[in-house]
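Structures for review follow.
Shared between the two complexes below is chain A, which has chain B as its partner in the first and chain C in the second.
Right, the complex of A and B next:
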């Protein structure tokens, strides 16, 4: 098969580019520690969230020094709890699920971004440094009121933070 | 009756294969009707979500969006595909199809399937019926559409399967007559694409026929939303190559000729199509990078495959540009870049395809961002993503199809295009409109603005633009969308008016032979059974474990998940019919107010 020299050079450059992309993504996922959302969150009975130890009471709880877990329900067309209040300089692991349809979970202006699927639990860990307030929105169409589905994440200064937020 | 010059011209496809030309015409007309309707819905969306002009209650935005998505990426693209593939198969085999009644049968199934799905979708505008399918193009369960929607989709896909079989039959018949010849290049492209389609549609066929259709009929109480979603994306990524392959076929086999030259390499073109057959399907999980219930390792595999899928597109970029340069130099072009001036820029078919290819490069870059698992966190489900695919399917595919129509239409109707200057303006207008719209979408996506939302304006927070302003970007999106709508109107009217052109003979346009012919390539490239087999193995490797793990964790069906029918709330807001009349009266009032 006759391949022109220019074409060979182009082919090699293309393969190098591809290998380069795969390497950087792999480096990011392993060495830098940008974890992918996985099946770690497990499953849940979507019609019995009120009987589930994790989701019967949507909340934020402390699990270690500067470590918190947030149990969040995304449903047509709200997030619970709302706001989700966490302290600054903390690491928060979100567990998110849905009792009805597929939703999205996006903390606006950050890369905290995930899908929420009924029957599955989405687990994602986020570091919050500075105090502030972020918008939270559903980015997957979930019904006629989808555009109204929003919430907020309030990052309080550590000394003002009270367990479970101010619900 | 006809001029001498025309009588001595090349016989057209219609002269040689009148029955097949009728099928090509019917397919293209169906495609353009879908394009026109899709563009109307697209304009409504562009103006609604940017809050430039809202005349429908926001709940109907999703009916509009479903219609836009399905009409554009299922009906417009695939009807055009079967038109081009029918033309390409018959032209390159130089023989008619085996049985034209069979051909009309698959066309009929595709048309019936489309009508069923469209009725189900448009039913969403009439609150008094229980027919509705406001589930968007992705129809994620447990959102539930009317059975007509799923049934229509299934019938449409069966139609495409039979179309593929038609091309294989024609090739088989040709092979009996030409036992030792290489498969003609266009037929090779058609057959490899259809093999890819057979593999890809396994996913959506199982999702629709085994789960969603029986579930919408009440025969099944629940489905596993992660399973049907994964099956959707099993099909949902290769389908983008199904849209793209007819454009590639046109770039490889038509564009070199209209540039005045020849395809650089036939063997490399075959390699590219084989790579697409192998790699298009085992990548669908890259649409699910941020899904729960799928282990990280499976996402890594999908990412790796996706990156390798860049290879055939990068090779195509080389071959297409090299072929254009060859054409330009044949036409007297010189210099390192000076040859660009020698290209036939006044020919709308050339200019449209060249601009489509240029925009595809930009779409390729934003696609590389999406494919990078970790950067994808930044853009997943933001309006960046529609920004990306309006460059790929919305321009590389759509603009190539429109441009190619200016070249192909006279050959299947024996009537010249109504106006070439309008055609030239149309393809440039599309390019400009898309540059504005897609740029605005990409940038807003970086600031977190979500896709698929009627009102991306929230109560509790504002999007922060790190450069420019959100308002300015909204205006850019709305302006781009308006220009695209105008471009579509120009295209559709130009084709419609062409039916009034005088009938002529001799409108045929022969295609040039490649510089490096098929004989230069190893015969194994034509071993379709081998490539199909390897493609199946790769799909099994990529999918068997993730699917098994989803089923083990949450079941073939998940009894905890209940169906959520997507019905609009009639009590809420204006009905769309009164909204349209209301909007019309407001427009009239505004115009009367401006014009004294």
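Right, the complex of A and C next:
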């Protein structure tokens, strides 16, 4: 078979491109440590969240030095707790679930972006460095009030942080 | 009409569409730039990456 030189160049470049794409993603997953949203949170009884040990009281709780767990309920049309208050320079694992319909959980303008499914616990871990405030949005259409469904994540300086739940 | 056209036959390896090569080269470079920008700047540079 006689393949034109230009075609050989193109085939080679295309193969390198694919190899490049794959190694970029591999680099992100290994060296940078980018992870997937996981379902390790397991399942819950969506119609009895108030009896669930994790979700009866939506809250942020300290589980280690600079490690926190946030139990969040996304429901029509609010997030609980609101605001979700976390300290700066911390690693926070969010456990999010819904008692009614599918919601979205997006810390606006960041890569922390997940779906919230009734009966399932969405688990995602992020690191907060600087104090500040992020918006929190539902980005899955969840009913007539979907467009009003928002919350916030407040990152407080470590010395000002006090643990709290629903207020 | 009726005039004889000049026909030049060239072989497989003499056919060198340089313009096409250049155009595809430009597309390729755009692709590379967009890839680097999208992954390393927009994605990894975005705070609060899931870890």
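We adopt the following convention: the second predicted complex is superposed on the first by the 159 of 167 C-alpha atoms of A that agree within 3 Å, B and C clash if a C-alpha of one lies under 4 Å from a C-alpha of the other, contacts with A are read in each partner's own complex, and residues count from 1 in each chain.
Here is the rule we use: a residue touches a chain if its C-beta (ideal position, glycine included) is under 8 Å from a C-beta of that chain, and two chains touch if they have at least 3 such contacts.
Since the structure is predicted, the reported quantities are computational estimates derived from the model, not experimental observations.
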| item | value |
| --- | --- |
| More chain A residues in contact [chain B versus chain C] | B |
| First, second, both or neither for A:158, with chain B first and chain C second | neither |
| First, second, both or neither for A:89, with chain B first and chain C second | neither |
| Partner chain(s) touched by A:141 [first = chain B, second = chain C, both, neither] | first |
| Chain B versus chain C as contact partner of A:125, first or second or both or neither | second |
| Which superposed partner A:56 touches (first chain B, second chain C, both, neither) | neither |
| Chain B versus chain C as contact partner of A:34, first or second or both or neither | both |
| Which superposed partner A:17 touches (first chain B, second chain C, both, neither) | both |
| Partner chain(s) touched by A:5 [first = chain B, second = chain C, both, neither] | second |
| Partner chain in contact with A:111 - chain B first, chain C second, else both or neither | both |
| Residues on chain A lying within both footprints (that of chain B and that of chain C) | 2, 4, 6, 10, 17, 21, 24, 28, 32, 34-37, 109, 111-112, 134 |
| Contact set on chain A toward chain B in their complex | 1-4, 6-7, 10-11, 14-15, 17-18, 21-22, 24-26, 28-29, 32, 34-39, 41-48, 76, 100-102, 104, 106, 108-109, 111-123, 133-135, 137-148, 150-152 |
| Chain B - residues contacting chain A, complex | 58-59, 61-62, 65, 134, 136, 140, 142-143, 224-226, 229, 264-265, 267-268, 288-296, 299-300, 303-304, 307-308, 310-311, 314-315, 318-319, 322, 368, 371-374, 377-378, 380-382, 447-448, 450-456, 458-464, 516, 520-522, 549, 553-554, 558, 560-562, 564, 566, 568-569, 572 |
| Residue ranges of chain C touching chain A (in the complex, touch as defined) | 12-13, 15-17, 20-21, 24, 28, 31-32, 35, 39, 43-44, 46-51 |
| Complex contacts: residues of chain A adjacent to chain C | 2, 4-6, 9-10, 13, 17, 20-21, 24, 28, 32-37, 91, 107, 109-112, 124-129, 134 |
